[in-house]
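In the two complexes that follow, subunit A is the common piece, with subunit B as its partner first and subunit C second.
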Partner chain A sequence: METLDRPAIRKLMGEVLAVQGKTLPADDAAKLADIGFRSLDFSELALRVEDEIGDELNFEAAGLRSIETIGDVLDLLVEIQGQ
Partner chain B sequence: MIGDNLVIDAGTGARATWRELAQRSAGPRKSPTAYAVERSIEALPAVAGLADGGELLVISSGRLDESLAEELRAAGFDVAVGDDLRAATSPRPADDGRVWLLTSGSTGRPKRVGHTLETLSTVTGELAPRTWLCPYSPGTYAWWQVVTLGLGVPGQDLVLVDPADLDDWVSPALEHGVTAVSGTPTFWRRTLMRHGADLQKLQLKQITLGGEPVDQAVLSQLSEAFPDARVSWIYASSEVGASIVVHDGRAGFPVDWLDRDVPGRPRLAVVDGELVITSPHHGTDASGAELAGAVRTGDAARIEDGRVLVTGRLDRDELNVGGSKVSAGAVRDLLQSHPEVAWAAVRGRKAPLVGTMVVADVVAGPGTDVSADDLTRWAAERLPEYAVPRRIKMLAEIPAKETLKSDV
Partner chain C sequence: MSDFEPVPPASVVLVSGASRGLGLAIVADLLERGVKVAAFARTVTPELEKLASKYPEEAHFGSVDVTDEKAAQAFVKEVEARLGVIDGLVNNAAIGQDSLHVHTSSDRIAQIIETNLTAPLVLTRFVLRRLIGKGLKGRVVNVTSICGQRGYQGLVAYSATKGGLDAATRSLARELGGRVLVNAVAPGFFASEMSAVLGANQLESIARRTPSGAMTTPEDVVPTVRMLLLEQTNINGQSIVIDGGGSI
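Let's turn to the complex of A and B:
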């Protein structure tokens, strides 16, 4: 199964924001709340990743965690591919 | 009415007692009135004023399309959207104390079910004092369940969070001392993923799930995250009331609850894979006649390991995006109203955090080059955020099998 690396997921994340006229900051520590990246945007990003890899992501495998920054999103989506 | 119970609007931090809310009511209107509101708090003065009379229906403004507004006006309702009041086309006097809820009928169109504050209040006996979070969409049965708790049961305060603000509910819940939270499984999944660390700070005593199929994974995760809380799930709807209440922390209900006759309790059955309920908590139909007999719920049910699992809607028109209801047909109609769109099909797709997202297949008209991103942006100008199709697949031609369908 194909998997996406961190830069590829970052590119998709930028595309989600670009449709809304927003720009993804270069700093992974940027807060999602500050850039207006909300639950619907996260969900859309997950679907874009699923479409790219041709498989459903298993979020049950992620466990309890806080997702507050760009880096948190990228970490999560890199981690759960293939699980 | 319990006038001293508090209502707190998490969006603004404003707080008021029910007595104060009743004083803000303009008094009972002589005509039945449908209030289309963006935010829960906007509907509460009219709800508090019901004690003095009036007939009302509350609906989230995102759910009110033109045809539904016309349907309501023809049924005698003035339709209030903010300060705009559109008079009924078939006026009639208000039936004092009548409360109408909208549900999805078997054809996918909402239908009205009549209640009163009494028939909506299913909690009996004394409750320990609680501060409840109400995260539901205004006017839904679950919303009324929480609202009538605050309105009618001593010591039950409410903190209102609107579905659009659910990303940030934990902070106001901590600030206002929330001890009981009722939410859909989607709400809880999103919460567990997004706020894992902060959740430990909440001192929850009661967790309730309802409004969607409840699976074992979410129940187990909640029991682990909140070891001091009772975790319950409820099956309820505007037509059959709160018919199934399960406190044992397991998905589904015991199979020996089926086909059992207990006075004053709903009779549960599974017929052709569909949950069927004969309930003493019925409302009325649109004509005001008492609903009676078995109700086909439209929910799929299956028996597994001695439990009856309720697994989802048989009818897929109504999508639930993070607690907000979206009519797939209404979104499809909007996309098909775009001058460069020839055909569209809209459906829900499983997604993290919000449970379901709206997605679409679209065929562009001949000689046009509209893109998926163009359509998403165009739809975003016309629909609530949660109803916008985020993934649109452009097809070269209308699928042959789809042309045989009359509806989504």
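Let's turn to the complex of A and C:
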């Protein structure tokens, strides 16, 4: 399965936020709550990653509850692709 | 003058999904009250084995996957030979879900529907055919969930199955014309299950928002299941919510 690396996922994340008129901070430690990135935005990002890699990413919601920062989002999506 | 004859208390009860939690608590409670109880689960746990030793004449347990139709039907016949005709059925076996719908595979959705909705309908059909064919009366209790009536994220397919079972409960009660009483219990979230996915603070917050101040435990649900199986109440076709008022 083709996978996307962190920079590629970061670029897609920026696109998800850009549609909402928001800018993705450069700092991976930036809090999702502060930039208004919600769980449905994570779903949109995951679906965009799916489009790029041509495969479904199915996963439990438990992992979503612990993401707080941009870095957490990138880590989780890299991890999910590896499963 | 009515020729109404009440449905007698169940004397031989089959409980699916009895290895732990609510299913196990229902089995233990009924055995304590002298009811003959058959139960199956994918695995016969030490807790069930202990009950089998304590009640050798009244209990009959087996390892059966509820989605294995042939195995479940063979088990029903086995119970009939050992304890008598099953006149009480508790459909408790189910699998859970904790994933957003768009991130749940179609295979997983099919598996949830097969286990939580198709399997209990098929098992109920088989038990009823044997009961009605012998001219007997009986009782069915479906274990559904508050998810069948209220929306919760991460539980789309699960909720669909529980709502489906609630709907089947009503239609079956109507179809069976009082010869078999069919009801459902719809528990709120069990603290034991939620603790696996939520933190202590979130659990406390849910308990605070619940009018009774406490989340549901299997022990809270057991008395209602017992009543529906054993008491003369004329309750039929109902889904009884047991959630401390959390959904009101």
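What we mean here is this: the second predicted complex is superposed on the first by the 76 of 83 C-alpha atoms of A that agree within 3 Å, B and C clash if a C-alpha of one lies under 4 Å from a C-alpha of the other, contacts with A are read in each partner's own complex, and residues count from 1 in each chain.
Quick note on the criterion: a contact is a pair of C-beta atoms (placed from the backbone, for glycine too) under 8 Å apart; a residue touches a chain by one contact, two chains touch by 3 or more.
Just so it is clear, the structure is predicted and the values come from calculations on it, not from any experiment.
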item	value
Partner chain(s) touched by A:E60 [first = subunit B, second = subunit C, both, neither]	both
First (subunit B), second (subunit C), both or neither touched by A:V49	neither
Contacts of A:V19 with subunit B and subunit C, given as first, second, both or neither	first
Contacts of A:R38 with subunit B and subunit C, given as first, second, both or neither	first
Touch count on subunit A, higher of subunit B and subunit C	B
Touching both subunit C and subunit B, counted on subunit A across the two superposed complexes	39, 43, 46-47, 56-57, 59-60, 62, 64-65
Complex contact set, residues of subunit A against subunit B	19-20, 33, 38-40, 42-44, 46-48, 51, 56-57, 59-60, 62-67
Interface residues, subunit C side, partner subunit A - complex	98-100, 102-105, 108, 153-154, 197-198
Contact set on subunit B toward subunit A in their complex	166-168, 189-190, 192-199, 217, 221, 225, 321-322, 349-354, 357, 359, 373, 376-377, 380, 385-386, 390-391
Complex contacts: residues of subunit A adjacent to subunit C	39, 43, 46-47, 56-62, 64-65
